[in-house]
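Each of the two complexes below includes chain A, the first together with chain B, the second together with chain C.
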Partner chain A sequence: MKKIALSKLNELFAAIAKDTELHLPVNFKGETVFKKWTEGDNYAKDSLKTVKSPKDLFFPQNENISNFRKEGNKFIIDPVELPKSGIVVFGVRGCDEQSFRVLDNVFLAEPVDTFYEARRKNSVIITAACTKPSESCFCKTFGIDPTDPAGDVTTWIVDDNMFFAVKTEKGEAFLAKYADIFTEAEEDDTYRVENVKYLANQIFAKLPLADLTTEGWGGDKTDEKFDDPKWQDLSTACLGCGTCTFVCPTCQCYDIRDYNTGNQIQRSRCWDSCMYKDFTMCAHGTARPTQKERYRQRFMHKLVYYPANNDGMFSCVGCGRCVDKCPVQTNIVKVIKAFGGDKK
Partner chain B sequence: MSEALVPHVAIVTEIRTETPDVKTFRLEAKDGGKLFEHMPGQCAMLSIPGIGEGMFSITSSPTQGDFKECSIKRCGLLTEALHALEVGDEITIRGPLGKPFPVDTEFKGKNLLFIAGGIGVAPLHSVINYCRAHREDYGTIDILYGSRSMDDLVDFKEMKEEWEPEDGLNLYLTIDRPQEGWEGHVDFVPTYLKELAFAPDKVAIICGPPIMIKFVLANLLEMGFEKTQVYTTLELKMKCGIGKCGRCNIGTKYVCKDGPVFRFDEIDELPNEY
Partner chain C sequence: MQEITGLMVKRAKELLEAGEVQRVIGWTTGDFCYDVTPAVFTKAEDLEEGKFVYNSFCGSNLSKYLIQTLRNDINAVNTAKAMAARKGENPDDIPGPGKTLVFLKPCDTYSFNQLLTEHRIDKSLVYVIGVACRGMADIEKIKLMGASGITKVIDAGDKLEVKTIYGDKSFDKKDVLLEKCACCKGKEHKYADEVIDPEPLPEGEGKGPMDRMAGVTMLEEMTAEERYAFWNDQLSRCIKCYACRNACPACTCMKCVFDNPRSGVDSKANVTEFEEKMYHIIRAFHVAGRCTDCGECSRVCPQGIPLHLLNRKFIKDINEFYGDYQAGEAEGQRAPLVNFDAENDVEPSIVNEKGGN
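Take a look at the complex of A and B:
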């Protein structure tokens, strides 16, 4: 394990930023957001979840996928260059780290989404252990250890120091690159980190959602859950605003649209939401005519369809953003509980 | 560049007006050769950049040549613009998308019964021509095709002149209401099907409006067909065509990637949301 004084963090960030784009949570107008680090930015070390998840670092809200020019009745396709590969994302919480792997299963499956792949491939993920979770957190329901999250490198803050543990080869190479900024952790540092984890776990055990389980959910539950009358009640309040899908780190639906800029035609893709009425609208109507079907789709996808196609992995990571942000307090926790997924 | 989402330029080399609102477009690679390989039942995203992309069945069979053909019904922004194209114009195409009909496996050696309504003949056209080209691999071919009126029968000329005269191929055409100049059958497809009383020793392939599919299937089952003998194609709104934009799923299956061809016993396992 390596360590660094918190007061020296900006020195580390400056060194990283010299080589690679660095993104980390910073305070912005009373909220926390992931931002490209520049001199003067301070790591919002006490923040828990950014308003939006960091998924847009790999899957931007809007991106150009091809350009066209029209000459008479001919089209010329101007290929869009692949995005630069390899960024460093620092201060990622365990839930958001798992969300990258959820997205990988979609975008890196054949046929590979080369835009996503280019961004993701050489990126280094440095996670931050959680010690002060919020009441809406339930990542442990999805097998995440927030006190020791995955990633290439994991960090803990103990008093005035930050500790770094290597988790992958990529992480090893990363730490080696900035070796002279770190000092080697001592034996009792290991104990101090373990102690922080222990204390954090005690807090996690007392969270209001600590007993939420995925029992009863999984890839083989379509028949059992699909026609359940509970979907009607659960979805009644839903406004179809799509907020939950936009803040969600694992929501991956997109739209493709063309824009004529005058000089060229840009085809871009942008985030879309299965909560929207026109999402599946076509000439003969839509198979999801009311909010009930759209609401059911969102949660069945996370808790049944996605696991069916991805070896049982759920596509919710329990970050609680939808719990915090839904204007009418209807969310995935309510769904899980309504179907009995609460041990209490 | 993301290969799966970036199209190729294709040139329109022939346009046939099939019905008042359906035209068939022949598309070829700009510099000759094949745009891509495809098998019957697979689709492609056609686009006029600036207007948008749309999913269409490839109605030509790979046995017909290097070109691809699509029969397109005018019904909105993109299809309107496609109908305004002229020979020599360029569009873009990406594909092949989706799974084909199991022409070389489950269909092989079988008697085939094709049942289509309206523009639904599009995906079947490719299968029929593929089977005609590999005639020795299949048993009898029965084709039951119906449309609203005589003028709405897509591929009418080809069916009458090229398909019908062939041995072992039976063509049954029908229109919904009597019409001057039409001496053939008049009835809805599901009713005519019952009247024809085919023996259930065949693989049936259905495509058409959802309501027709529903009644045709019911009648086939009544005639003794098993769901494992009946195939269709499903159609939902699509954007990416590769199982990633999240738009076209029915339960755990993505129609764009796991379909659009499905066997009815497979459809039975899907939740009722299509």
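Take a look at the complex of A and C:
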């Protein structure tokens, strides 16, 4: 394990930022967001979840993917250059780290999404252990250890120091690069980190959603759950906005639109939401005519369809953002509970 | 709150059991007391206290839910009638949708009147119970003031006792009011078939502690550049989730221009700085003169963008140009912006005369 005084963090950030784009949670206009670090930004070490998840570092809300134009009789395609590869994302919580793997299963499977791949491939993920969860956190339900999250490097804060543990080869190479900024942790420190983890786990056991389980969900539950009358009641309040999908770190749907700029066609893709009326609209209309079907889609995708295609892995990571932000408080926890998933 | 909830449940049960209403639109809750969801109840036995709630987090405006609920019920009746006709039965034997009971806070009744004026709902299908309100709390403010790990919130008069896994906290309700409640227009119901208010306030009392137009005045005092920078900062954070539109009781178009590919302004993401503002400018104009200042747009925004400032600027201007006007004050009002008056209407040049303000 390596160690650095919290007061020296900005020195580390400056060193990283010299080589690679560095993104981390900072307080910005009254909220915490993942932001590209520049001189003067301070790491918001106490923040748990940013409003928007860090997914748009790899899968931006909007991006231009191709351009077309006509020259005389010729139709010319101007490919858009792939994004520059490799960034460092610092201060990622356990839930968001797992969300990257959820997205990888989708975008890196054949046919590979080259834009996502270019951003993701050489990136380094440095995670931050959680010690003070909020009531809406339920990452443990999805097999995440928030006190010792995965990633290339994992960090803990103990008093005035931050500790770094290597988890992957990429992480090893990364730490080696900045070796002179760190000092080696002592044996004592290992115990102190273990103690922080131990105390955090006791808090996690007290969380109101600690008993939430995914029992009854999984890839084989389509027939059982699809026509359940509960979907009607659960979706009554849903406004059909995109809040839950846009704050969610694992929602992955996008739409592709062409814009006529006057002298060319710009093809863009942007996040879409299954909660929207015009989601997957086709010539015959929509396959999900009322909010009930749209609402069901979001949760069945997370808890049934995705696991069916990904060896049982769920595509919710329990970050609780949709629990915090749904304007009418109808969320995935209420869905899981309505189907009986509230006791371990 | 406990007392009034009991009275509400009792009345709703009576009306359901007597068959005077077929369904009740109210609120229910989940794990944390503050996670209140609008809900439709159709059986008296579902209306138990605990399941039906009325607490300091019932900020959501139920008038908007009437549109969809009534539409669904009418559709169901029409389908049943068509089926009957096909089977050779008399469609007139199929009973109508019956009435829907809705609980409305004072501010929600303005929206209700506005919906009546715009013929969005049929009042013969609705039974309105006005419920007393002493201000709703903003859970975001409570969290910002340091409460995390919340397991329960207890309404204790002017205080909110917040139980958390890190220890208990107490808040003065007046410090954590929703923006709309801090600027409350008054505690009088503008429409109701009956009112439940165990301890009515003396007449004229009940306005929020804050000046509703203070924020607008602050913006007007800025230079155009400062104002532009202010909105640029705010609107650049918009994630285009459309929660503000979908919650708004004035946004009732069957197909909104922003969902219509043929409108030329539809979009799902803000691509340029211009688009960040376009949606908000268009929506503000569409609801100008119709917005009752119910505050839902600002309440629901996940990014905390002060959308009320846009709407209140319109309200302030309308008041200044045409005399005081409050949308939703009564059913059937002639709103100044749709009322041609050659003598008194302002000319577009007013914008220049006021220096772009």
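FYI, the second predicted complex is superposed on the first by the 341 of 344 C-alpha atoms of A that agree within 3 Å, B and C clash if a C-alpha of one lies under 4 Å from a C-alpha of the other, contacts with A are read in each partner's own complex, and residues count from 1 in each chain.
Keep in mind that, in the parts below, a residue touches a chain if its C-beta (ideal position, glycine included) is under 8 Å from a C-beta of that chain, and two chains touch if they have at least 3 such contacts.
Bear in mind that the values here come from a model prediction, so they are computed numbers and not experimental data.
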Overlay on chain A: chain C relative to chain B, clash or fit: fit
Contacts of A:133 with chain B and chain C, given as first, second, both or neither: second
Which of chain B and chain C A:255 touches, first, second, both or neither: both
Chain B versus chain C as contact partner of A:289, first or second or both or neither: neither
Included angle at chain A between vectors to chain C and chain B, based on C-alpha centres and rounded to the nearest 10 degrees: 90
Partner chain(s) touched by A:80 [first = chain B, second = chain C, both, neither]: first
Chain B versus chain C as contact partner of A:107, first or second or both or neither: first
Partner chain in contact with A:272 - chain B first, chain C second, else both or neither: both
Partner chain(s) touched by A:31 [first = chain B, second = chain C, both, neither]: second
Shortest span in Å between Cα atoms of chain B and of chain C, once chain A is used as the common reference: 9
Intersection of chain A interface sets (partners chain B, chain C): 255, 257, 272
Chain C partner contacts - residues on chain A that touch it in the complex: 29-31, 51-52, 61-62, 132-136, 203, 206-209, 233, 236-237, 239-243, 246-247, 255, 257, 259, 268, 270-273, 276-278, 323, 325, 327-331, 333-334, 337
Contacting residues of chain A [partner chain B, same complex]: 65-66, 68, 70, 73-77, 79-82, 106-107, 109, 111-115, 219, 222-223, 226-227, 252-258, 260, 265, 267, 269, 272, 274, 279-284, 286-288, 293, 297, 300-301, 304-305, 308-309
Complex interface listing, chain C residues touching chain A: 30-32, 35-40, 60, 65, 143, 148-151, 164-166, 233, 237, 239-243, 245-247, 259, 267-271, 299-300, 302-304
List of chain B residues in touch with chain A within their complex: 1-9, 47, 49-53, 75-76, 86, 88-92, 209-210, 235-237, 239-240, 242-252, 271-274
